[in-house]
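After this come two complexes, each holding chain A, first together with chain B and then together with chain C.
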Partner chain A sequence: MAGQSDPNLSIFSAEEVEFMAEDELVEIVPNMRMDKLTLICGDYGPFFPQMPAQVPLWLAIALKKRGKCTIRLPDWMSVENLSQTLEAERDSQESFQVLPFHYVEISRLLFDHARGDIPDVYTVRSLIEDIRDVRFHKVETSLESFEDARSSAVKVKNLSAMEVNLVRPFVGRALQAFYKHGSPELVPNPERMPPRRPQATDNVQRRPLRKR
Partner chain B sequence: MDARDGDGSTEEYETLIQTTDVELLKRAWRQEKAAPEILKFETDLIARLTGQIELVEENVEQDAQSGIDPLTVSLYQMDLDRSQFLLRSYLRIRLQKIEKYIFHILATAELYNRLSKQEKAFAKTCLVDLEKHLEESVLSKLPSNYQSIFKQSMISEENDMVAKPQLDTFVVCKTNYYLGHIQLEDNEDGPSDDRANQRPLEEPFEMEPDVLYFVRYKAIKRFVEEGRIDLF
Partner chain C sequence: MGNYYDIDDILAEEELVSVVFQKGANGVGIDPSAEAYSVEPGSKVKLPFWLAYELHARQVVTMKLPACFNQQTRLELGADGKAVDLRSRCLYFYEFGCKIAPLVGDRDMGSFLLSAFRNRYQEVLAKAHSAAYTAASKLLTLLTKEEINLYEAAQSSMAAFKKWRMGGPRLQRASVLGRKRKSTD
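Presenting the complex of A and B:
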């Protein structure tokens, strides 16, 4: 067939995923007065000193950069909630905990731009990193089985935006290959096959058979 | 009716419309990026947003000159930049798809009708230029049996040099509804795809709301077009 669709065409760049995350609402406490903003993406404000207000993350960061507000940490980012999430994440091998769809990007943006507003910033940061690692590992191991590959639809419950974006090229093409070959024997069955780690990032050429 | 109430509700209504327009564009942009084929052009939405963007552009320019708080102006500018980015990116992906599948789109009425007026004009000029270029640089120098743009040679039965989108691509998607009985195999596809017909029939697949799935685009194409499934 002449036309193969370019696998890169449909993939979002990390910046684009971050762009989407910047529209998520956060709470800020302004330290200045400002009239209502009638933006294309919605109306925000008016802002009064010490009066909490809901704004999109990009707006919060813009104000924060100019020292006009403090950003309130979202509830799910408190040390207590994150510790619970991490524990639950470690306890269950199959399922993923419910986190905001853009948790990776939101936390990253807050660490980059609003460090001072996060109590226990080091603990929070390491908790988020641990959660991310546990989840990524789980994503990798769950790819080994491809349980539902035979039905040509695979459920990935509670996966976050960044995680989906990372596994998309690999999983998408793998499923497509299974689908094309079409015979159920080709779908790896964890009971019959020795576990093998799929390498999502393996773009390197295969080892040559003979050394030169 | 109380006048104030009336005003309040129109204002709320307008806010709702405004919020949804950018959200809608973001959704259309995501869909367009994720779908292998070209989707229907969002004529009304794009017209509304272009209008809004132009208005804000003028306002920002005026505000900047009239000495309004530079912070406020810069926030308006940022908002404007974000909307413009979405709009540009949306239009650009569509142009890329048109360029890539130009012969296929122009030969398929259903796809051709999904283009906007400007896109149709673009596709036509693009076609003329491409044909001329291929003709002059390669085809005219080949033996007469091999001069078709659409076919490898005269004996090809199909137009096998026409790039078509791969509808078998797996996409990531989510729905807000409960969708039962999605047939994953393409029965309606006819005898063209022998392999699919040989395959044992699978049970219809159900989609739970708010859960992400990897699914073959073809199986959910209908729902994407109806706006009941979101691509991610």
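Presenting the complex of A and C:
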């Protein structure tokens, strides 16, 4: 029962997920000369004009804001690749296409800060929105089906961080409820329940009532 | 037995259970139909669950299955679980059911609760991430507390995501800035 009314099931806010996405590497083309940057997360640079370099997204955005670089569009964000992904997403009902783990956040950050570096920005944007919608619809469908399977586990591959984060509070609670009502303490019929691993979160200890 | 810090757990134990006293008790006013301050053996009283539980543990009372778990409700939930108004029958349907099942010796309670929740879960899922508040308000009048928690968890995460996607002020102004300095004299 502990988790059922626990409001802290959803741990990350969207902004925190975005923060984590800023560690992803992107390619920039600097227009200035700068020495090597020695940061905790690694060394980046040295930077020379017109020589592409890999930097974390947060650094790329910081440089972009100062007009020191242009950000190269990641390969998966090109119009062809996105249209292909969208087609494939629509074709396969179960599986999800392989996209970067933080694709929602990266695209959002690039739209916000590097509009000028994206060719066909409106097409790209609407393609990504479509992909996200199709994928989320698939997530809902797969959530609908998991309660038939008499198990407290779902396997969905290739979900992105934001999609997971979006359904985390709901799925967490739902699985706990399924687990609780299906727990063998209430149903003393062992062969009807699949074996499950003990969960630390839902050990409702019941005192034995009448000791005889 | 209950979770001391969980308000829902406490409220779930407030649900009334009808019990039959096996032993008499003097000096207590829990039977409203009795003339004196006493309870006769064999009298039927409705008690909140937390009291009935303790009395049951001392073998003073026997419990009856509450009305919200009777055969009719089971049939209705089996027929069309989504449309049953569980909220008015018992706001803490699932929690209460879990608590009372071992006491009344109901072996089917677990699977009954599970199937009821499974049937109703789909409806919550279908509405939770998409429907506008007004469209779902009819649904909300039917749900138990646990289902509403589930629904609201999904709604709030969806709202937070939409807010993030739409943007808005990215930089927050610190509250100390822009405040006029008070004149010292």
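Brief remarks follow.
Assume the second predicted complex is superposed on the first by the 170 of 212 C-alpha atoms of A that agree within 3 Å, B and C clash if a C-alpha of one lies under 4 Å from a C-alpha of the other, contacts with A are read in each partner's own complex, and residues count from 1 in each chain.
Heads up, the rule we're going with is that a residue touches a chain if its C-beta (ideal position, glycine included) is under 8 Å from a C-beta of that chain, and two chains touch if they have at least 3 such contacts.
None of these values were measured; they are calculated from a predicted model.
In the superposition on chain A, contact is made by A:L37 with chain B only, not with chain C. Of the two partner chains, chain C is the only one that A:E18 touches; chain B does not reach it. Legend: residue contacts after superposition of the two complexes on their common chain; A:E140 is shown touching chain C, with no touch to chain B.
Of the two partner chains placed by the overlay, chain B and chain C both lie in contact with A:K180. Contacts of A:D112 after superposition: chain C is touched, whereas chain B is not reached.
When the two structures are aligned on the shared chain, A:V79 is found in touch with neither chain B nor chain C. Once chain A of one complex is fitted onto chain A of the other, the partner contacts of A:R168 extend to both chain B and chain C.
Contacts of chain A with chain B, set against its contacts with chain C after fitting on chain A, overlap at residues 1-2, 4-5, 9-10, 168, 172-173, 180, 182.
Residues 1, 3, 6-9, 56-57, 59, 94-95, 98, 101-103, 107, 109-111, 113-114, 117-118, 121-122, 125-126, 128-130, 146, 149-150, 153-154, 156-158, 160-161, 163-165, 167, 170 of chain C touch chain A in their complex. Those residues of chain B that touch chain A in the shared complex are 15, 18-19, 21-23, 26, 30, 33-36, 49, 52-53, 56, 69, 71-72, 74-76, 78-80, 82-83, 85, 89, 93, 96-97, 100-101, 104, 160-166, 168-172, 182, 184, 195-196, 198-199, 202-203, 205, 211-216, 219, 232.
Contact residues on chain A toward chain B in their complex (touch as defined above): 1-6, 9-10, 12, 16, 19-20, 22-23, 34-35, 37, 39-43, 58-59, 62-63, 66, 68, 150-159, 161, 164, 168, 171-173, 175-176, 179-180, 182. Note for the complex: chain A touches chain C at residues 1-2, 4-5, 9-10, 13-15, 18, 108, 112, 136, 140, 143-144, 147, 162, 165-170, 172-174, 177-178, 180-183, 185-189, 192, 204, 206-207, 209-210.
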